[in-house]
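Two complexes, one shared chain (chain A), two partners (chain B, chain C).
== the complex of A and B ==
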């Protein structure tokens, strides 16, 4: 029964990773010139890659901080007996299940300096218009990412909150702790594993964010929204440097593995 | 199940809660409603300097023009084939493998399970380049198998079903064995019907995420005939960049099927995210 699974995961997970490491040792248009570790040395010293990495960190921090705070607030609000809360929960999840192609194109239209509805409304009420995608491109990408994923973050926090025993709150109530105090001294500390999970998943997703810069800004203006994954895509498919792209991609895998293992170890310590 | 009653955060917090929820919901839904408006606007309205919140004369013909301007019927079919085949494969393999890990002992089980879980840490992005090179050598780019094969199984669904099956009582299986039922019969007639809620989550998420998948179809296809909806739509927009009404119409064609599925199964979905963290 497990044979098909073994074959599948071997051929489409483990073999590609090994192949990627192998490819990253080569250079040239056909990836046939052996260069050893040169691609990795280049990657670390390449100012374009460094810039993409810094942009990705800024994007990740922005999306995580805004997304987690909003997601947590929404989860607190929805973690009480509210009539109609299933409807709100569903509405908040809609953008998460919407194709990134739709999300990217729709927001690009809304924010378009000339035909976008946002500027046209601003203009019609006499407010100054903005060319959003040139003045604050990265912030716009962060905003769109938060818009599309905050419902998912909220569901994760909700699940974490439902795992907190009700007795803790009862004990706190008997001790006279006010609800906000209960949130600070029970909910928040006991949500630490969830918060860590949200953080790690958020960083991993940020490291792979490709479609939004591809669709909304084409990585620009300049390289203001060239995130790491978008950079890899361009190195592989625009510059045709497959070996170099493989090295960049392999480094991405290492970072993700380290983050995942840290998360996994912490989760085990918490659960024991 | 005990229903917990949470104390209010502060007096009147219900009003604040509803105000907040309504505000956030408006932010979530308005852009998508505007997409409907945009899809029905005339060519003049999409470029007018006056903001058009809703077209004066909804142009339903935009949907006809959409399919006349580019092969969206084909894009849609390709997406259905890709997402449908992958979903079917998940529905066949995920419960079976999940069941084996949940209820059977065999040598090497621990290692096999750890190996399986370790694939959760390997996002598609880092498999993409080598698989692209492999499939290029096989001549699988611009083919259906090329679109489908990288996603035939994934550890999320297997893990979800294992977590779901594990607490089911072993007596169900033993009773079947005492009655002389074959292992296959036990699986199909006793276990599989128990898994319906988890299977609904697997079906919904597999279908929706694959229907929406952007990265792989973008690089694995280069011919118009093999493009899927999200890619076809994005490239259409690049070519006809002033036809925002048609782009929005295409976006709706992509949006509606996934939303119908979502609202049919959303109760299960929330539980599924809670159980595994999904994506």
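== the complex of A and C ==
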């Protein structure tokens, strides 16, 4: 019964990863020079790769923390009996459903300090113009990523909340627990599986983020928004070093696997 | 479970497994290189990749006539330079390459040619060069930049140079200037006097490929033959410090925005928010179409230590694994005639590599084109040894990051230069 799925994963998932690992042992524009583990050693000692990894970790922490907290707050608000909440839920999902290329181009044009509409609006109301793309580019990338995905995070938390039996809250109310206490003692603990899912997926997505720095800032200014995946892309398609890019990709795979395993282990320990 | 029921579950299971393998095999076959027709397989499609901004009507007419003459379909795929490079490099790896590609500039074809991914064109040139007047009728800078160790890897399509000074006549006149600046000192003064009311004196580029301050300061980005980078060091330091001061000390130029869009200075100029910017002939059409009622002009490159511009301009190359190299060559011949060059220039202002183009009355008598001709005459070609070593793109990426640190992030010039030098020499050596 599992054979078709096994064949599918073997051909379309594991085989490419194995080929990538094989390719990482070669160097040159045509990957025709065998270098063994040299690409991996170079990757670990390359200051640009180290910088890209650190930038990616900062991005991941920012996007995950801000995105999760905001998603949770929105879910709590939209779980109330509010008029028009269905419309708000739908509106919040629109950015998630929009192509990342459109989102990147849209925000690049909005935030352009010289010809962008945001600064024109600020000028028209007498406020000082801003150069966020120049002065806080990584924060801009985090902000755009959160804006585009908060609707999805909200939906996940909302679904988790709606699976919590109402009797728990009733019992808590009878015992005199106020809403914030109910949130801390009932909602948060019972949302643990959802929170685990959000953080695992969030970490994976954040470490693989490529499109936004590519479209919005081209990794600049300097290397301020050169995330790890963008670095891999440049090494492969700009520098034509596919062997080195394969080594970088494989290392990213290992990091993501390790982080995911650690998260699951932490969740199991916490729930027990 | 009875033997009968085990038999009855075994056959459907085997069928499912075999069906899965068949589906997977079919899927993988479908992912293989698409067949576009060859000598033995019916209609021929010639795949051509060009820059999205170069799909001129002049070229479209040539392609339509080519299709009729050769009974082929020409599939023109248009990309921005970055995406074109990505597609092309991926194509080199997979074997799925177009038949004809527009290369981004001097050195690109040499880099790919030395790697063995692009055909040397010497056999074709030997056969047809006389009729094409190649290389005799082509500017030697454009020809030499595409030749390495006696092999020619692409034919110049355009010849341009970055360094033309576009200026807003009205803003300069308001500040008391009847003519544009010709030297760095004059540029700084004019920029200071025109910076006011939300308008910058100068719009600066985010991409150093189009920046000419380094060259005008008498410095070169690389000199691979001598293992040197940003050389002479004192000239390079002066150039970059001058540029940084314009942005952060004198505050007459805006810190550019880091993005893949290099049209920022032109947009700022055309919206009336910058009095001057430096670019190449490719901005003549956007400025003409996008500047409304701005009275604008062009001036030759500035003189710092020397008067210089950066040689640019695309060419046409044939990937080694192209399915129809002969047809691709025929299309190159048709696209690079003098008549087509003049038509493309008339349509877009783009400048061309033929000497007869420069000498033709349409060009020689045009005041804007005479400025462009001056820009071409002081053009400095990039280091061909860098391209031949296959390090062009790596060094350019490093340099872009260093340049942006200086011009956007106000990083210390000397320290940034030293960091760049260390990284670049590590790559070159």
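Please note the rule applied: the second predicted complex is superposed on the first by the 249 of 272 C-alpha atoms of A that agree within 3 Å, B and C clash if a C-alpha of one lies under 4 Å from a C-alpha of the other, contacts with A are read in each partner's own complex, and residues count from 1 in each chain.
Just so we're on the same page, a contact is a pair of C-beta atoms (placed from the backbone, for glycine too) under 8 Å apart; a residue touches a chain by one contact, two chains touch by 3 or more.
Everything numeric in this text was worked out from a predicted model, so none of it was measured.
Participant: By residue count, is chain A touched more by chain B or by chain C?
Facilitator: Counting residues of chain A touched by each partner, the higher count goes to B.
Participant: Which holds for A:156: it touches chain B only (first), chain C only (second), both, or neither?
Facilitator: First partner only, chain B.
Participant: Quick one: classify A:27 as touching chain B (first), chain C (second), both or neither.
Facilitator: neither
Participant: After superposition on the shared chain, which partner residues are touched by A:208: those of chain B (first), chain C (second), both, or neither?
Facilitator: After superposing on A, A:208 lies in contact with chain B but is clear of chain C.
Participant: Of the two partner chains, chain B (first) and chain C (second), which one does A:224 touch, if any: first, second, both, or neither?
Facilitator: second
Participant: Under the stated touch criterion, which partner chain does A:82 make contact with: chain B (first), chain C (second), both, or neither?
Facilitator: first
Participant: Quick one: classify A:197 as touching chain B (first), chain C (second), both or neither.
Facilitator: So A:197 only meets chain B here.
Participant: What is the contact status of A:97 with respect to chain B (first) and chain C (second): first, second, both, or neither?
Facilitator: The first partner, chain B, only.
Participant: Quick one: is A:1 in contact with chain B, with chain C, with both, or with neither? Answer first, second, both or neither.
Facilitator: After superposition on chain A, A:1 lies in contact with both partners, chain B and chain C.
Participant: With the two complexes superposed on chain A, say which partner A:56 touches: chain B (first), chain C (second), both, or neither.
Facilitator: neither
Participant: Do any residues of chain A touch both chain B and chain C, and if so, which are they?
Facilitator: After superposing on chain A, chain A residues 1, 4, 8, 12, 115, 215, 236-237, 242 contact both chain B and chain C.
Participant: Would you pull the chain B residues touching chain A in the complex into a rising list?
Facilitator: Answer in residue numbers: 2-10, 14, 17-18, 20-21, 24-25, 27-29, 31-32, 34-35, 38, 46-47, 49-53, 93, 96-97, 100, 112, 115-116, 119-123, 125-131, 133-134, 149-150, 152-153, 158, 208, 211-212, 214-215, 219, 229-231, 233-234, 237, 244, 247-248, 251, 254-255, 258-259, 262-263, 266-267, 269-270, 273-274, 277, 279.
Participant: In the complex formed with chain C, which residues of chain A make contact?
Facilitator: It comes out as residues 1, 3-4, 7-8, 11-12, 29-30, 47-48, 108, 112-115, 131, 133-134, 137, 214-226, 234, 236-240, 242.
Participant: Provide the residue numbers of chain A that touch chain B in the complex, in ascending order.
Facilitator: 1-2, 4-6, 8-9, 12-13, 15-17, 19-20, 23, 70, 73-74, 76-82, 85-86, 88-95, 97-102, 104-107, 109-110, 115, 117, 120-121, 123-124, 147, 150-152, 155-156, 158-159, 162, 166, 169, 173, 179-180, 182-183, 197, 201, 204, 208, 210-211, 215, 229, 232-233, 236-237, 242, 245-246, 249-250, 252-253, 256-257, 260-261
Participant: Within the complex, which stretch of chain C touches chain A?
Facilitator: 13, 16-17, 19-21, 24, 27-28, 85-86, 89-90, 92-93, 115-117, 206, 254-255, 257-261, 264, 267-268, 271, 273, 390, 393-394, 397, 400-402, 404-405, 408-409, 411, 423
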